[in-house]
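Okay, got some structures for you below.
In the two assemblies presented below, chain A is common to both, partnered first by chain B and then by chain C.
Our next item is the complex of A and B:
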């Protein structure tokens, strides 16, 4: 075992920082877009409408069974999208399928009788949604959604394969230039763990805010 | 909603029209892809798909072997060891899979001094990933059996090994099955990432073929079909093993 040289991290702080920022903003965009698409498809999957359910089932079934890298390379090499749009779109397509399943399972877990009861008591559809459906669905959906958001951060690293300069990409660069891959990878792994912990902490704070409301 | 589409039957009819249109389009489009260019590589591609399967199966087996003690430590271990196990499992689960593969391939040799081949690095990294995720599956399975079961078995005079092996474990295994299969599907998709360190898995084989012959659409169709069918097969097997799975889903 050779001596470790942690000063390499300070020397390459700019690369690591810019990689971290790229990972953060790519993940943030991924979280927003995949949530939007996932909630939309998930709601379709929970509608009492066969056609909508079939569409949602096809969407999630197709996208969940393909690795992220396949979608990414298809968008980048075959369709010829630029790197960043390809990465963001692949991330959205990949994770929205999982989020859609989480959302539609959450909605379906609220029994139909509750909605019927609320409607027969004279509540309007908007009220049923806001007062009956949303609080219960949110409580069920929050923990698996947290897992999905951590997965967005992790999957954003795949984008480094099409030269998106994220944390993984910069780590590879440091390894190639200095052979100090161990130090760089340790730092990057620690940063990924910190991001994941921040996501988990943020989501549980959000969940308790929503729960006490 | 369009009134004509109110009934389930009308919606089904529309759906089948859409599916039929897709099939007709596919039947027109697929034979016109660049198959003659791809045909000589069929054996190469099939072998690579087999290699991906082999990677997934071997690493899930290694992972399962490591996952059992990890989960037991996490559930029953002494406090110090338990916290260390939790930290280890959570660190692996929070790290991108690609990063872990790079870790094992590029950085382990630097500290241990000995080279690893890309194949061994891929197997090692995938096994670590499988172990961390399966440990959680096993833990959830063990926790899903009510503690009263173990207490009742002990009260009936079974030794703690018997109570665990004959009462808790069979129930836990049954509860674990769906999550186990979900992990296997996830791991099969993760094998595509080992192409980044040069292992000739299915993804890399398709990429290499794509660089040799110009047939992007045919090759991407093969790529998508290879992964899709493999994952669908794994998911089907569990329905066949456990018909109740659909109810759990």
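Our next item is the complex of A and C:
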């Protein structure tokens, strides 16, 4: 019977901490960039311009159906982008497609009458989005956005495949050096759960502040 | 939320003491099952790889084919990676990892190893036109590529303590990273490097800078199984089969002292009364095994 050796986690604490910080950094950049791109594409899909709607539809349809790992490998191995830009771009492209869908659904849930009233009052479309739609939409889509942000954290682990030293990468490193994969994987699981709970908690607090709960 | 956390902690605490062990020797398990499940790698030609038609090829798979016939059982291959090999072994999903794992003391605390059956030499792989002199890559501003779990990484750290590494999952990924200038050099074994050099655009250093023994990996404290595998390898050596397979796949005779400090156990050819199955090989088996289509022996 093999005894587990949890002291290995203390021995490799620097590697785990470094991996955790890299995961947090990649996830943070992923959340910001995918939200910006997703909101933009979601708004394009709501415009009364056929070309804009078609672009938004193609963007979300294509990117949602392509696995993240395929996007990552294409950017890194085929286009030859450096590792970090490839990982961040792959994460942004992947998640923004889902966020665009979420935002589109949110926009559709706002009464059309509000948009018509705003336009008839002489507001331009960018003012309609900025002053009328997005403040409401972002409150409505907080729960599904929370799910997407947790997905960003989970999907960031794919970056380990191109040697980005995130939490998954460091965990695998501990495993192959010490063969203590169970202990290493347990530590990584616990840390990912903590990050996910922090994201959920943060979004919940934000929702409370915005008065959506 | 609180209940979820309590449930999670309770589950983890229940797993704290130990992983389940195996009371029966793997040797008995294999014989009862009638099948040897061998873990092999698919990205380490010519030791272990899959050809374009999906056939399992390489020195390691041929050793597995031979050993399974001597055990009198069928053979199943399970592809493993550096990350999955130990969990698969410890959970009984494979009976042995017959691949290119380098024993070291830290790993030996968790698993056991047989005698060395491959001795690989470490070489430097660089982009075509770049220097192959080791001295040019031991400074701190060079990035060295390798795979995670590669035994040569620790050896390189001895040469160059301040070395920066980029470690990938697969050998092929490192070659692409080298060609894309993500790394300045790639450290790997000479056998694998020779195969990758055929892809063009890269050069391999002529002089090896380290050697790395590889052995079959088995579960810890399963001496009956480990001993049988050691006897099997020693018998293959006495017969000359191991040397022929080495020549078939690596193009050279084994250039290391096989056995315990180069000594084969006296009387290893004697078949024991218990815990030592050693079936005769069917007619034509060796010709097939040493030929180009040894995968046709797979049942």
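Note that in this section the second predicted complex is superposed on the first by the 192 of 213 C-alpha atoms of A that agree within 3 Å, B and C clash if a C-alpha of one lies under 4 Å from a C-alpha of the other, contacts with A are read in each partner's own complex, and residues count from 1 in each chain.
Just so it is clear, a residue touches a chain if its C-beta (ideal position, glycine included) is under 8 Å from a C-beta of that chain, and two chains touch if they have at least 3 such contacts.
Bear in mind that the values here come from a model prediction, so they are computed numbers and not experimental data.
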item	value
Chain A as common anchor, with chain B and chain C clashing or fitting	clash
Greater residue coverage of chain A in the superposed arrangement, chain B or chain C	B
Touching partner for A:62 - first (chain B), second (chain C), both, neither	first
Chain B versus chain C as contact partner of A:150, first or second or both or neither	first
Touched partner set for A:162, first chain B, second chain C, both or neither	second
Touching partner for A:77 - first (chain B), second (chain C), both, neither	both
Which of chain B and chain C A:54 touches, first, second, both or neither	first
Contacts of A:182 with chain B and chain C, given as first, second, both or neither	both
Contacts of A:117 with chain B and chain C, given as first, second, both or neither	neither
Partner chain(s) touched by A:192 [first = chain B, second = chain C, both, neither]	first
Interface residues of chain A shared between complexes with chain B and chain C	1-2, 77, 160-161, 172, 175, 179, 181-182, 193, 197
In the complex, chain A residues that touch chain B	1-2, 49-51, 54, 62, 64-70, 73-74, 77-78, 150, 153-158, 160-161, 168, 171-172, 175, 179, 181-182, 185, 188-189, 192-193, 196-197
Chain A residues within the chain C interface of the complex	1-4, 6, 76-77, 80, 82-83, 160-163, 169, 172-173, 175-182, 186, 190, 193, 197
Residues on chain B engaged by chain A in the complex (per definition of touch)	1, 5, 8, 11-12, 14-15, 90-91, 93-99, 102-103, 106-107, 110-113, 185, 189-190, 192-193, 195-196, 203, 207, 210, 216-217, 220, 223-224, 227-228, 231-232
Chain A-facing residues of chain C, complex	1, 8, 12, 15-21, 82-83, 86-87, 90, 106-107, 109-111, 145, 148-149, 166-169, 173, 176-177, 180, 182, 220
